[in-house]
């Protein structure tokens, strides 16, 4: 009896481990490649472990692009972007989940439909808007277009909906206004979901370069991912250097993830509600 | 605060949970809400608190129409039937929350919260999360949370259902005390009649969303408005003899006697009626002439509870334990004036004298 | 199925919810679990059902050690204190679920579910979702769900707490009937002593995670193992006179008399003891010589309940209502043999004869 | 008497007054403002462009209004092919990735040990440079020395030219698509699983349910809102498949231009051919298709809304 | 664009580029040098990412935040002219005082024709350097097998077959099958696009013959396409292919083999009378804004393309100066001897030629690529593939 339990566990872990390996491999490859020489990085067929690991690529990458300045800009953009987005998103998700007003679901459905329009089409007009607003080549241009996200609102609304209404009622009885309920009850309870969304958002901000290369011209205002372009040009890509750059770029996100992971996973489990 | 409801109605789709209820509740009283499961007690409280918007009708607090006021503006305290504690807060934080909202200073709210925690005997658990508490402990937290903020109207939805007898008595006395001292109008849902009569000034009895009777507690027992009330209130259940009103008396089905009592019912001859009598309203005196047969008998303290058969119906009464009773004995009984009522069989309405 | 637990212990961090409990429960009996809120009743049931892993100790079903068996292998039915109905299923689906799992054919499970739904009077609500039901209705769904699958062990955690008196009596009789017919060993948590004694074969009384007494229902009343049991069981609460055992009698604090009863306690002279007596064990005969003073008196049916003072303690007894009683009167009382117990004041342990 | 008359009612008796709208409006203001400027306005602008004939990108001039762009794209076999390819891709990738993600999320949620490690691994693709991912997948798919072919050879299957043989390129694209969709989906599902009250699992266990029963009867239905959410989000995002294509086939729509997707078509029309009119028209067509799909999905989803 | 305020100081012009690493550094140096050398014009250099550069530029132009000058290809120019965006340099170049004497004559190969192909004597592009395809080969292997460097495609086929037989690996590959195919067409006397009729102007038989040949060689295994390696430098360095045609600018990648073998470089094979190697030069364009800016741009470009500067830039970039005078400088001549690709390029200088770039020509390239992959990878009959290509290409041109 106990053995089958044990076997089940082993199979479970095995599947997870294989899956984890498959998911993890590209990341591993990024690191490995960044430690190779140019010759080895381009070798066909590729070698798994570098014959001789070298940190030259990192040295080179750090020398080539003003990573420190980019880093500063990235941090500013990400912090502002995530903060404002989360604020907007929380308010909107709350209105769309717990407040009741006629047309709510229709308006929301229309908004969701807006997600279906390809980004490429939006960019054309948004670019003009940014220029018209006089925000071209400013850090603000990297922030405001993304602070109202239907996508995150959609996700968060879903999570807010799963918080029982009786807690809303309970807070109202206790005299809390909608605003107080939102910040004192709903947000703390939905913290795991919020952290998840904030993390996704942070990663998206951090890595968003398509837009930033469009609206940013001056080195002063450029963000980290821009540093990666230093390794791609018309004659080809220096993968080993690119990977070193990429590793440097994503490092903060990994650290962020490792910090946030705990709150994603250990959700506030329910209890205190009967029936 | 005086509470008045006018044509209060709540429908959930097809279901009518509360049906056109009109009543006025005196200020500072404790009103017990009684009724079978699903009769609309919780719905009623939820409408009073503002959680549920009403379908029709109005609610007044004192003279003010609060029908459209949101719960946070009504200043009510509510113990939810399912507690609805905040899962992410500790017990202390849960109790403090209403005070925090009221911007009571931190020191003061903790002090007050602790005081109420002590009152409901949960002072040891202040730092636990709700899910780390037993059912009864959670319920007590909910009580403390509702009481701590000095509400203008207190609504308690079966607040003691998960407590043991001793604690239950203690809690209800505490609630009663606080209610008296603060004079807060209080609605108290309970399924326990003993509890209801022990603490309430008034009882409102509901059935299928309709109010059956709203009256002083003892009046429900002594002056039931209809058969349902008479039947619902009291233990053992009131005796019911169905029959026809003939010749100034009741001819019980399956029996030939015409039972006469010393009431002068305003009832037409030939009506189908129900003669209802409390067990203690049955007399066993020498002059009594209604013939019955003993079916069962139990000793109950100084008395014997006898189960008697008359026609197709049973009847319970208390007889002195010293009197020897055997099953199958014939026993003559009589009816007192008090505790004996006549109802229309069909509508359940009471015939008065 | 016989249930045996051995040194059963459950700790939540610092908190010990159940403490080294050893007991054997006969097959086919209905055992009521009694005890103050937070004493470990739910924890006990959860361990029996397998939901909570035990910290220490073992559980046996018949001779089989099931300590490490997962709940799905134990074939128990459980009514959760908070119902735990599946929110995404209708009432019918909720009740059907255990049968679906057992691969009972669809037609059959619906039929059986409907039968149980009818039994608990929720047949009208079969297509509703739990959140569309009142508290009592939800609770009844939970009962039906636990009963429908013919469990080998039935665990009921305050299953009737949200039902009105009439329904409550009806439900408990149904549960009792099913339990008798199927012979399933049943644990029934309740805080209602009347309910416990009405339906259970045995009562297990707990306090702070420890078993106080496990015995036939009437033995808890007639032969309490310790002061806690004597105090917890019975209404009105047992009378307690604290004092010193001197010269073969009890000298109550604040009083000079030495009370002698016709018991021969095995107790050392000079021990501090508690003389506990049920209200009905107090006699008011001519020969009685313990002097008391009347503090209060209420009429209660044929009797008067008198509250008497002796030393610093109060004592309640029933006296014939015909006897005229005034507050402040001196009244001599005596103690019957039955319903009178002596306990150690400190440990609460009982002294036997 | 008018005082007693309720003018209009909304869902379960809520009274509709100006206030009903005012409050949500305040909460929605910052959000809606941003959406109007950066989503709604560009959307309608795109609609407008799609009806402009002979639209010139840089100078923003056009010859007149009409359906010319739509006529053109619908008479373009490449566009029709792109729609078919995209739809195929969406159906395969969304369903497969959803199934795998649910399984993995539930498994991840059920293990106690090493959970952190596993989660980190499953999360890593989200921060990995896409160039690295492209490199790896190209390597995995390689005909001569790729791992996939090595694995196939263990089962005596002939090597498949995943990337260069047009017959297999769709399969490769789907494999890659599924893979790249997993981390996000798993993370959201994990968060969704956190919202399920564990008492329902407990109750089900007591009811005798095995792991499998719990999965199908409790976990999946209770997770349904989240599943529906990721299904829609993934559907939308995979209808816009472009990156995967770009990554795997070096900027070409498949080895023999056989894997045009709607967005690739759009991209090509705009970026290399400067035909913004065609691009806009294809965007609107794509929009309509996605809308249709999500409406169907929503219909199915409704059943599971029990909150 | 905002009207220029008449102000003191230099006229500022923005110059966008996508150069990275040492190219970027060097260009910055040159621009600084220019800015320091005079005070009428100030060039502001902006580095843009290579990825999606076309689109970015387009968007910026559309919104009036684009550069004043940048380097572009003739295909782009065709689009810009369509939108009337470009400054015609002809008046400046031909000006008596500020003009560039011998401009046409000094240009290498047929570059003048390329930059004036849009007629009216307008010059929209000022070239600076150009690159082209060269033939890289594994010199060590060639010597081992005693093989001559192929000068014609037939020789290439033969050599490749031998290599294939000896090593089991393809002997030859090409980074850009499109350019290779275009080369085969032109070298064999076929036309390409007719700019007037906006039609394909192919010699059908030649095209079919060349396509069939290419497809056969690839199917035989002696030639290969880059496939999922994108660039053949990787396989070449690892010895997976013995020779390939790639950009002269990619010499750094071609020689990154860890010293495993020696790399040789030669002009690409030819077919017969018409020598041809496609021009990958591009040139500077100036976007219309103010007269002053156009003039300032011209001033800078004139300086940048002067004999000395073009040579320096070409050396730094590993390319060929677009101007004969630049090639003839001592510095460049010295450079050739140190760089195999530059040497091969220099050897091709006289037949670097161009193809018509009109609207839709980008689409034609796509159609050709599709045709080749169909014929070579998808087993489509070459004739069908060719017919499809012509139809598609004509549709592109005719829009």
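Every chain is named by a letter (A, B, C, D and E) in the order it is written, and numbering of its residues begins at 1.
We take it that contacts are C-beta pairs under 8 Å (C-beta built on N, C-alpha and C of every residue); 3 or more make two chains touch, one makes a residue touch a chain.
It should be emphasised that the depicted structure is a prediction, and the values quoted were computed from it without experimental measurement.
J.: I need the common contact partners of subunit A and subunit E, sorted by label.
T.: Common contact partners of subunit A and subunit E, which must touch each of the two, are D.
J.: Have a look and report which chain pair racks up the highest count of C-beta pairs in contact.
T.: Top-ranked chain pair by contacting C-beta pairs: A-D.
J.: Among the chains here, which has the CA centroid at the largest distance from subunit B's centroid?
T.: E
J.: Express in whole angstrom the distance between the two chain centres, defined as the mean CA positions of subunit C and subunit D.
T.: Once rounded, the distance between the two centres reads 58 Å.
J.: If you average the CA atoms of subunit B and of subunit E, how far apart do the two points sit, in angstrom?
T.: Using C-alpha averages as centres, the distance is 94 Å.
J.: For subunit B and subunit C, what's the span in angstrom between their mean Cα positions?
T.: So the centre of subunit B lies 24 Å away from the centre of subunit C.
J.: Where in subunit E do residues touch two or more of the other chains?
T.: Subunit E, residues with two or more chain partners: 52, 62.
J.: Mark out which residues of subunit A touch at least two other chains, giving numbers and ranges.
T.: 44-45, 123-124, 269-271, 273-275
J.: Going through subunit D residue by residue, note those that touch at least 2 other chains and give them in order.
T.: If we look for residues of subunit D contacting two or more partner chains, we find 14, 142, 199, 270.
J.: For the complex, give me every residue of subunit D touching subunit C.
T.: The touching residues are 199-200, 202-210, 213, 217-218, 221-222, 224, 304, 306.
J.: Which residues of subunit B touch subunit D once you look at their complex with the stated criterion?
T.: 10-12, 52-56, 58, 68
J.: Taking the complex as given, what residues does subunit B use to touch subunit C?
T.: Result: residues 12, 15, 34-38, 41-43, 81-82, 132-137, 140, 157-158, 161-168, 191-193, 232, 235, 237, 280, 301-303, 318, 320 of subunit B touch subunit C.
J.: Report the residues of subunit D in contact with subunit B in the complex, numbered from low to high.
T.: 4, 6, 12-15, 17
J.: Along subunit D, where are the residues that touch subunit A in the complex?
T.: 10-11, 14, 16, 20-21, 23-24, 27-28, 30-35, 37-43, 45-46, 104, 107-108, 110-111, 114-129, 131-133, 135-137, 139, 142, 144-145, 179, 182-184, 187-188, 190-192, 194-195, 197-199, 211, 225-226, 229, 232-233, 236, 239-240, 263, 266-267, 270, 276, 279-280, 283, 286-287, 290-291, 294, 298, 307
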